[in-house]
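Across the two complexes that follow, subunit A remains constant while its partner is subunit B and subsequently subunit C.
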Partner chain A sequence: MTTATDTRTRTIKIKIKRCDGPGKPAYWQTFSVPVKRGEGANVISCLQYIAANPITDGGVATTPVAWKSGCLEEVCGACTMVINGKVRQSCSCLMDSACPNEGDTLTLEPMRKFPVIRDLFVDRTRLFESLKRVKAWVPIDNLWEQGAGPKETPDEQQTRYKLSECMSCGCCMDACPQFHQIADSAKWQTAFIGAAPISQVRYFNLHKTGATLKADRLSEMASQGGVSDCGNAQNCVKHCPKSIPLTESIAAVGRATTIHAIKQFFTGK
Partner chain B sequence: MSESANTAQPAVPAPFLLRRLHSLAGIIPIGAFLCIHLTTNASIVWGRLGHGGVETFQHEVNFIHSTPFLLLIEVFGLWLPIGFHAVLGFYYAFTGSSNVAHYGYGANWRYTLQRLTGYFGFIFILYHVATLRWGWTWLPFASGFDAHTAASSTAQAIQGGADTSALGGFLIGALYLIGVLALIYHLANGLWTAAITWGLTISAGAQRRWGFVCSGAGLALAALGVMAFVGFVTLDLEAARQTESRLHSEIVNADTPQIAPAVAENNTTTNQSER
Partner chain C sequence: MAAENKNARVIVVGGGLAGLAACVRLAEQGVSVDCFSIVPVKRSHSVCAQGGINATNEIARQQGFSEWMHMDETLFGGDFLADQPPVYEMTHWAPRIIDLLDRMGVPFNRTPEGQRDLRLFGGSLFKRTHFSGATTGQQLMYALDEQVRRYEAEGKVAKYESWEFLWPITRGEGAERRCVGIVAQDLRTMQIRAFPAEAVIMATGGCGLIFGKSTNSVMCTGGAAARCYQAGAWYANGEMIQVHPTAIPGADKCRLMSESARGEGGRVWVPAKKGDTRDPRQIPENERYYLLEERYPKYGNLVPRDIASREIFSVCVDDHMGVDGRNQVYLDLSFKDRDELDRKLGGILEIYEKFAGEDPHDVPMKIFPAVHYTMGGLWTTFTPQERPADPRQDLNCGRDTVTGMKFGAANTMMTNITGLYAFGECNFAYHGATRLGANALLSCIFDGLFSGQGVVNYVRTEAEPVENVHQSLYDEAVQQEHFKTQRLIETAEAGHNDPATNPYQIALEMGDEMTAACTVVKTGPRMEQAMTRLRELQDRYQNVRLADGGMWTNQNLSFTRALGDMLILAEAILQGSINREESRGSHYRPDFPDRDDQRFHKTTIAKFNAKTGRPDFDYRDVVTGLVKLRPRDYGKTSSEPKKSKEPATV
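== the complex of A and B ==
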């Protein structure tokens, strides 16, 4: 495929862990993809090339590789996958830095902690269920006009702004040794919830109106699979694409849950 | 069950309570005891600077053995908390699956090591307590502990027990050195994670600073542990036994005037009642 006349073009290898459907066995295929330097090629553009030319390195015609992507600017989390063994967004993985030389290989795998639907496409329903589990919303619905909300200080706003950047991509969970893939959705309620929803507990409890549900959130954090199941391996904070201080959130929620439990112990509620 | 669960929910959820008690037990009493234990053991070396390690260590052991309710303290202050911490610890460790192969970061290695040192440390504690406290000398390379010959019997155990071959000494010596260092790591790293778990260190800076404190404490404890280990491994058993025999006779002689009449009296009354 390489045109020898253009010195800016190089051929790289993309090795992909494929799967034809839920429960089907995984298998590996390698594709050769021509890439031009300086054109901003990323994993998604390479996958688009493969979709248009679904022929393996060995010359075998195959099915196009399935994947999911959305914003292409690292704010939606849809294209999250395991690249060279580590979880991240594929849109922000640029080939000029990841595979700078002729013949470099990039390995793509689906996320490890979410069930595969097909190839690199995973089902992350559990993320949404986790947010529901911790009531990650501000309760403002009512039958009459509530008036203006409580005032927020710039300091609180700054703290919450960083936490608000979470896009529920699941990187923190995929890198976590305490978080596991669970097929049975009934067991999600008692399995370790992961860093992102714990950080959302902090986020919504810091909000003055959101704090009306504080006790509910902290009770969930004290239950099976809550904040106590964290093992402090701290991979989450290393792999958060938004650099959210997840380990600080875990400690802050740990403190709030400790205080909440002591209150419960003495008051019974 | 379901009816009562609706009306009377536990004030504090059991999983949370167990996690926090597990964390607490690791620090008090187990961690606190480890500090005391290592300090006592290091006296075998400390004493050499003064009037003899064997004498100092014997003095420490005599003090411990003069504690009232010692067996109750051991059972409820040590063996049950260690059993509780170990059983829950094994269960919690099995809920995780280490991924250092993919994510080989420092904190992730510490997470994995915390679990490995827990497994190894528990096996070591079992062997250590079974041989030296419960007298299970049928265990391989084992010999027991005698409070009257504290230093020499401890040294003999660490030097390979009744087995005088180089193999026994090497295996048991390695078990003790690695076991003690593993448990010290487990405590130091456990102090670091407990501060996050309980919510004492929240900011990344606070966690880093507390990490220095825990590392310092761990290194200090490791120094004590290595001192004690070297002291017992290099102890001359014969010389130690002679010192202990002298100490024992000194104590018996000093006590004789007070104790002898009472013993004699008791004996006569028993004898009379028997007649």
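== the complex of A and C ==
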């Protein structure tokens, strides 16, 4: 629907690293996509265009590109991918700023630390498994009526709220030099857990009922793949779309883990 | 009945708030659960919810409000189309649901003293909305997700994420018909499998995508509900679709600016003079037309959504007074304190800044209505229970007895197919003809926790153990789905360059047509025209072509399959709208501008006719008994801007 005279429309190029499935080789394809200025076009709307018109720049008909999305407003974490070399959400990547001019190119790749299922769609099961590893829940007794939970001050709430905004997108892990891709799920348990679950340890230990599992969480943090594997590169915090204070969390959990280890040493528990 | 079935399994389709709350209830009661979701449950649509969740609280009580009042507001807001006992029960359970979420660790905003803070929301005159910043849905989701993960770690819940529900498996006919499992497909490997269970709960959310761009997530196709409908489950009040007044139009979706923006004082206005293109900050107070405040002095900016949407629509479309001559009005928070805004609305202001490129702390936001919520849904039933009125909860109700729902009754939120339940946005039960803000999260969690107990009792004592079901029933169901899949897959060979048969093109046209004909303003002739278009699209769909014929993570297949189901559900929505010759709540017909209780104080029930492929309609009286019907005008005055506000020069 584009015409050469429509000055509000420009054609940009989307270069995508594709892969037909696990164990298959990766290959690149480029697509030309018409984009209108001022209409809020983003990577998702471009991928939707490609899904409807799966023809490469060279005019070859191909399969639509696989990717994941959900909320389209940067709260679900589904659409995370590597855009122009940087891991981030694709729904909040707007074309008017990313590709302002005719002929600009945008490069899309799947996340690097999680196994590719197809194209830009990766398997982040490990991330959710790591939440089990640190018992990321408040162990309530039951669902019956028992009155309110523990009271907290607005400051305490604000601290917890910030940590609770983590949407398990995995950007902090993808950007972390200590976090490596591991296909074999049996090895996840002892591999470096990554920044987000460490921050969740802090989050749950800050809650009065959540803290009843504090010792278990800190033991996990003291074990192989725990907080001491963090090399303090601080890439995580730079890549977190929710501005979660990850280095603060890592420091807090690091200190708590040390104290916990000393206590354990002296009490033998 | 037979001995208690200790090995009973329940399938929960959907891992949004309704699905997760159901998992938690079932697992806590020792029932094994298989939970299915297209996306990892933590990424379900419910995370989008921003504003909050309603429940009466002690402060409100001391000011003379009560659960009864919350119920009354909900029924009134819904223009009395909801059956009353379920609304009674939901609003009366609300305070204990908040307490439970609080115990689960939801970081609700706090007052300086450390109490849970409250905000004002639409359709209410008292503060009853609990919130966690402006990402309440996300916070509630995470709390339930965490509890489910705990049960998962204990082996009580099994998750099937990236699996798509394809069809309910039933045995028997007529009233004897029972749901005994589902067929589902792994969206990665494309494996199709049958899963037996004593009961199935659908918690698959709304169908916003039928209207193309909406505030919903991309999974909200309504495809799952549409499949149940085609399998014989009734679909009720389909015509009741909520259009939210304040969204930012985008290329891929319309992003919501929560009602909490108005709850926290946000004001809706347009320049009083048509064609005034000045920077909004340069337009003095007396040259602004605060349309909602002037037209509805009592509720002001917090009139219910259907009313706000209609007024914004009419100011833009009929009066051509939209900002910059476009379909948009200002939603203004720029006069508020920056820090307070950040604490209470940070999440949504960030969204605006990110997607619209302007800072709403400084300039008014530009917004327009967008399709938002599905009040209609799978028809469900309940067991009423009469009991003495409670002097605290039913303050000033003026009666001795009340009617709620019986806790644990096996038919609670069961569809017309025994053993097939519908919870959350995918049922029709609580919101009538308009949903009040912050009542959806409540209804989802209420269904999971309250109605979930009915499922526990059903599978323990009433359902027939699935061991007794012959394997061939499951094999046939899988065969059927293989066949449908194969049919679609084979179309890929025919090439895919023709827009007429391109699934994305058909979806686009369906969305445009449904939005134009069947949202804020509906008229008979326009809808008839849309029906003709819809039939054409259905015909085109018969020749739809896939672009991917592979059997590995074929998203093209999944989308196209859902499109077929959406086209069928769209027809039920459209025909229901044509049939309802009155105006009620979100359903506004200028050709029938009044509510007609005589003819239409009734639930629309669409029954899929497998022979014609079209809906047959049935109308049932709404269950009342608690609150008398009254006109719903929210104290409207005039719809003219005050002439005195017109500036002399621009």
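Operating definition for what follows: the second predicted complex is superposed on the first by the 260 of 269 C-alpha atoms of A that agree within 3 Å, B and C clash if a C-alpha of one lies under 4 Å from a C-alpha of the other, contacts with A are read in each partner's own complex, and residues count from 1 in each chain.
Convention: contacts are C-beta pairs under 8 Å (C-beta built on N, C-alpha and C of every residue); 3 or more make two chains touch, one makes a residue touch a chain.
Remember, predicted model here, so these are calculated numbers, not experimental data.
On the superposed subunit A, the two partners subunit B and subunit C both fit, without a clash.
By the touch criterion defined above, A:Q48 reaches subunit C but does not reach subunit B. In the superposed model, A:S223 lies in contact with subunit B only, and not with subunit C.
In the superposed three-chain arrangement, the CA centre of subunit A forms the vertex of an angle with the CA centres of subunit B and subunit C, and that angle is 160 degrees when rounded to a multiple of 10.
When the shared chain is aligned, subunit C comes close enough to touch A:R124, but subunit B does not. With both complexes placed on chain A, subunit A has more residues touched by C than by the other of subunit B and subunit C. When the two structures are aligned on the shared chain, A:A186 is found in touch with neither subunit B nor subunit C. Contact with subunit C, but none with subunit B, is seen for A:A66 once the two complexes are overlaid on the shared chain. Put simply, subunit B and subunit C get as close as 20 Å, counting only Cα atoms, in the superposed view.
For subunit A in complex with subunit B, the touching residues are 85-86, 175, 177-178, 180, 192, 219, 222-224, 226, 228-235, 238-239, 245, 247-248, 250-259, 261, 264-265, 268. The residues of subunit B lying in touch with subunit A in their complex are 11-13, 15-17, 19-20, 92, 95-99, 102-103, 105, 107-108, 110-112, 114, 192-193, 196-204, 207. Against subunit A, in their complex, subunit C makes its touches with residues 24-25, 28, 39-40, 42-45, 47-48, 96, 99-100, 102-105, 107-112, 114-116, 132-133, 135, 138-139, 142-143, 146-147, 149-150, 152-153, 188, 217-219, 248-253, 255-256, 343, 347, 351, 354-357, 449, 495-497, 502, 504-505, 547-548, 550, 552-553, 555-556, 559. Across the interface of their complex, subunit C is touched by residues 20-21, 36, 39-42, 44-45, 48, 51-52, 54-55, 61, 63-64, 66, 68-78, 91-92, 94, 96-97, 117-118, 121, 123-124, 128, 131-132, 135-140, 142-143, 145-149, 151-154, 156-158, 160-161, 164-165, 167-168, 204, 207, 209-210 of subunit A.
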